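There are two complexes below, and they share chain A, which is joined by chain B in the first and by chain C in the second.
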Partner chain A sequence: MSSTTISGKPAVRRPLTPATARFLMIGMLMAIIVAIGALVADRFLRPANLANVFEQATDLALVALGQSLTVLTGGIDLSVGSLISLLSVLTSGLIDGNGAMVLPVCAGVILLGVLVGTLNGCGVVLLKIHPLIVTLGMGAVLQGVALLYTRSPVGGIPDGFDSIAYGRIGGLSVGGIAVLLIFVAVAVLLRRTATGRAIYAVGDDRHAATLLGLKVRRVTILVYAASGLFSALTAIYLVARFGSGQPYTGADYTLSSVTPVVVGGIVLSGGRGNVLGTLLGAYLLALLNNLLNFLHVPTQIQLVAEGLIIMAAVAVHVEREKRA
Partner chain B sequence: MAKRLPLLCCIAAYCVGAHQAFARGYEGAPRTELFNPALTSCIRDTATYKKAPPYVIGFSNAGLGDSWRVVALDEIKQGAQDHKDVIKKLIITDAGHDDAKQVSDVQDLVSQGVDLLIVSANTEKALDPVVTRAMKRGIPVIMLDRRIASDHFVTYVNASDPMMGRLWAQWIVEKLHGKGNIVILAGQAGSSPSENRMNPALEIFKQYPDIHILDTVYSDWSPVKAKQVMQAVIAKYGHSINAVWSAHGLQVPGSIEAFREAGFKPGEIPMHTTADVNGPLKMAVQYKVPMLEVGDPPAQYRLAIGVALKVLSGAPVPCVVTVNSQIAVTPGDETPSVKGDLPFKDMIVPNGADDMLITNDLGPDYTPSTAHIEYPH
Partner chain C sequence: MTVKAASGQGFAAGTLNRSSPPLRDHALALLGRYGIYLFFVGFLLLAGLLAPSFFSRSNLSNLILQIVPLAIVACGQALVILVRGLDLSVSSVMATAAVAATSFSGHDADVLPIVLVALAIGVMTGLLNGFLVVRRNVSPFLATLATMIVLQGLRFGWTHGAPSGLMPPLLRVIGSGTWGFVPVNLLVLVAVAVPLATVLHKTTVGRRIMITGGNPLTGRLLGYRTDALTIGAYVVCSMLAAVAGLVLGGYAQIVDNWVGKGFELDSIVAAVLGGFALSGGRGTIGGALAGSAVLVLASNIVLLIGLPIQFQIILKGLVIVFAAACYAKR
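== the complex of A and B ==
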């Protein structure tokens, strides 16, 4: 039976855009997790627990935002983990509990993050080397520098600095709210500005983008610089959360930063996807980990469950792409 | 005397719990308490945490990954099983040695409404803020084996890392008559057992101007990584290495293997320090390596459950609860300051696996790979 409009003409059912379909899929998965959580533990749906999940997604979401931008141009940034490690030890080591040093050190760390990202971008466009190789090499250099600086946790933070991670506004984490706003701002910039549209164009077809007169090199350097910026912000956030910087603190983020990107529906070959999907992907993973802790599932099984979710998310996406 | 009474009661209670399944050596009260030169000891009042059973206890584990931690996990399960009449549930999380995950784990355990938290911190600084916050919310926290940097917890159950570190260092210094070259084979950078054994040891070494630290390398408690890092160190310094100060026994087999593969004959391999693991003791005899064993018994995990119940009953507890470390030295290698509690050969389980922990208290038939410990969960 076909539906009709008031005027009697057959309704034209617009197909869901890939981004909408992806959002719906992540939303559905989150709803399933919430339903299971509510069934097994009466404390799962308490605001305090959901606020914890919101907070726990912050670091991964932030580093994955930078990764999303590089992936949108068809690239990847494998230096993020080492950059976070280096910047975290520099942040806590240079602040060393001195409140007066917070602003200059954070500013310097952000600048350094952008500089390293810019170098990555320059390496990709000027040397014409695959971003995987350039950023992998940069990652090794940065990890070495971090270990030259310190081989164990270093420095400390002054009172109040930890409110970046643990402070609450209306029951929600300050860092979490800030990251949510940053994501919305980046999503708007990507859609509404010429540079944002150029990022998609470069990822979709670099050659065509060049023929269209887009500044492909500048766009590529820009996304890697942005990735460096978000890695720096992640490092500062982690120092606030842990109270100090550690030379291996970012190691796990190198590959895990790709997970919310993929789960959120950004195509690894570039040009398609929405950064808000990445944010939802990070929330989904945090919610999943929280549920598995409530279910008392051992870590080994948690890793398997996370892997299966990623594979399922990608498989559904690939299937939709084929149908399209 | 009245001031001392709670301490003596605590000591008496805890030394009962500190028993061993294998060779028996020193079984008295914890020496760290008896030898404490302070006029008063730190005792924590826990009256505010008093609750009626049954209890839900949360345990946030730093991670597994080596045989010591596998056995320790079974010990804490056994501890809960020992007290299943008052423990309704022991909820265990495992952070896989990831600070970010462990911070989330602690938050999730608090969300689940645990009555008490036991935390074995992956690194001592990273877990500090979240543990401090749990305490501020009124949830008593017991640090187990790996502490946080601050003192924001009720008590710390361990085997006295500083004592182990100092004993190993003092033994090396005396064996070398105050002159020689040492390699520090540490554990995991930033973990409290590694840092809190190494730093007191370094203080000892610094007192002897002719003792030189050639290099400090991290093994991550792994014999495989220890072998890699020691191969590089041996290639650089060769026979000028006089002693290897190792922060535990887990990494020692890798170090000794590296010396053997570098051509060191039995009797030529420099002295090593070790703890808990059967393999290094067997290798010490086989390759004539002078060795000092100071135990770090995983039985402390079982003991932690008993301490948790004391806290929840409102009884005072020492700020630091230590389990006894058995000391054994290879024959002829005792020094003026370091004597064994029992013969070295009695510590070895000849037919036992190399990675067997000789200091567990789960019984002679216990095998980590096949054991299934029932516990309330």
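== the complex of A and C ==
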């Protein structure tokens, strides 16, 4: 229902670039949510609550950043959930409360994430299989390995490790600020560097990119490696938040990581969109969940709202079909 | 024996639409088209070698009972993949249909209304998916993801988290009963797959769907109603998912909110294993059936060897990538 009311007034006309239009739309949706929130609960607009929303968005935003990069090249990474699960049990299981192990284990986990991502990329490039299938297969293998390692929450973290999630700088969570900075850095890299432009070129038209002499294969492997990297960071963050790793902790991220990407305006066929949109998308979803919690809306209806937001976001802004 | 019967029918369907590729590609193309059946027979032999009890009647009929729900969904999924789509909402449709079935009194008299309600859920979901994809040009991945989530929410709202109620005895027989040693649900699969394969591989409508998926522009220029065909594919897919939901609900006997969890991705994998290209326009129903069987067999073999159950997922992942790699070169 809400999709029709929104699609009834596509205020977006020619002069606006799609990116601006998308940011405006997310901004409007956020404004609506904030307005409703302010009306129903005075606590909604308190800085503490907004800082809370900022923190809640951290993990989803981080996975979605890697997902954004793969989607920008026209691919997708469905192994992120299992990778997060595996790396989170490895992180807490190997650290096991021992402060001296933190650095080596985190370094190893990040390396492993990049390695798995690289394997995904190689599978896509060398085997010439659809990314969806490669990463799905990889995800199954990783989930199996995670369950072989442990079938219940495992290990623990030393004192101070949880400050990754719960530490505060000026009232804002450390993890949230770090993610914000990472997003800005990636956005700048995408815009300013040759490799960044190549990612867009590959997603827009792979054949043309090849003709331009771009290293299409290298770029493709790079984005999957990056997705593995961000999954690893998410895993470490989640361990810091929950205190231990669980073999299914990442399962929901596989599909939900796509939501902020598309809500933020990155086109699934690749080549168009901005990662800052993904960040806004993640904030929007966190804000929505927060509002629905304030309204005491049961979780099931929250699901419906999330689905409708996806529909609204994608149906309003029609993706232009590209010549295959 | 009955396993072979299931795939043999599809095999025949596959041979009907053989085109003639250039000579040097001929062997490869043949392997690509029939590779899944080799795979399937290979898995059967492997399983038989590993455990002589594999070919016992009870194990075979047990296997078929497990294959059928996936195969039904895979047929629908295959149809959607054929028109360059994907349907992630199938698992949600399955669970919703099963939950709807337990919302009645649990007597056989309600089976007809249950089936009608389930089909109606399927039709509406399929129409919504098709509409979003065709009219609003939403990518199928997203459109069906969104309907999946919405259906989930509605279902949770309806059941308040914990479905109660019984499947009518008739549906339980259909889902888990055997007739002699022939599983009853095999009849459902035959009733679904044979007409589908016939329409797809032997009629002009089937040709049009193939062309619509293979090259939409050509389809449009030829005057086919490509939009209607595409929406139709989504509708049939969701209806089959609803049927599979009833069958699986009858098999499990107890219905929860997650009947069919994992089927959305498994059915895509089964279709891809069976030779359906995600780029559309290629594949046979028989292949999708064999793909489903291979997927279930892979899990069965892990248990036969006595490996830890976690290896089921690992082996499944490896089979997915390996089989897809076999198709990739063409």
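Here is the rule we go by: the second predicted complex is superposed on the first by the 304 of 324 C-alpha atoms of A that agree within 3 Å, B and C clash if a C-alpha of one lies under 4 Å from a C-alpha of the other, contacts with A are read in each partner's own complex, and residues count from 1 in each chain.
Quick note on the criterion: a contact is a pair of C-beta atoms (placed from the backbone, for glycine too) under 8 Å apart; a residue touches a chain by one contact, two chains touch by 3 or more.
Everything numeric here is computed off the predicted structure, so don't read it as measured data.
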>> A:N290 in the overlay: touching chain B, chain C, both, or neither? Say first, second, both or neither.
In response: first
>> If you tally the residues of chain A touched by each partner, is the higher count for chain B or for chain C?
In response: C
>> Tell me the contact category for A:S85 with respect to chain B and chain C: first, second, both or neither.
In response: neither
>> For A:L132 in the superposed arrangement: first (chain B), second (chain C), both or neither?
In response: second
>> One more residue to check, A:F242. First (chain B), second (chain C), both or neither?
In response: first
>> Contact-wise, after the overlay, does A:T299 reach chain B, chain C, both or neither (first, second, both, neither)?
In response: both
>> Taking the superposition on A as described, I'd like to know which of chain B and chain C A:V141 touches: first, second, both or neither.
In response: second
> Between chain B (first) and chain C (second), which does A:L308 come into contact with in this model arrangement: first, second, both, or neither?
Replying inline: second
>> By the touch definition at the top of the document, which applies to A:N49: first (chain B), second (chain C), both, or neither?
In response: first
> With the two structures laid over each other on chain A, which partner does A:S152 touch: chain B (first), chain C (second), both, or neither?
Replying inline: first
>> Based on the A-chain superposition described above, do chain B and chain C contact any of the same residues on chain A, and if so which?
In response: 298-299, 303
> chain C touches which residues of chain A in the complex?
Replying inline: 7, 76, 78, 123, 127-130, 132-134, 136-145, 147-148, 255, 258-259, 262, 268-269, 298-308, 310-311, 314-315, 318-321, 324
>> Could you list, by residue number, the parts of chain C that touch chain A in their complex?
In response: 88, 132, 136-139, 141-143, 145-150, 152-157, 161, 265, 268-269, 272, 278-279, 308, 310-321, 324-325, 328-329
> chain B touches which residues of chain A in the complex?
Replying inline: 41, 43, 46, 48-49, 52, 55-56, 59, 151-153, 156, 162, 165-166, 238, 241-244, 246-249, 252, 286, 289-290, 293-294, 296, 298-299, 303
> For the complex, which residues does chain B have touching chain A?
Replying inline: 63, 91-96, 98-101, 103-105, 107-109, 111-113, 123-129, 133, 149, 189-190, 195, 216, 218, 377
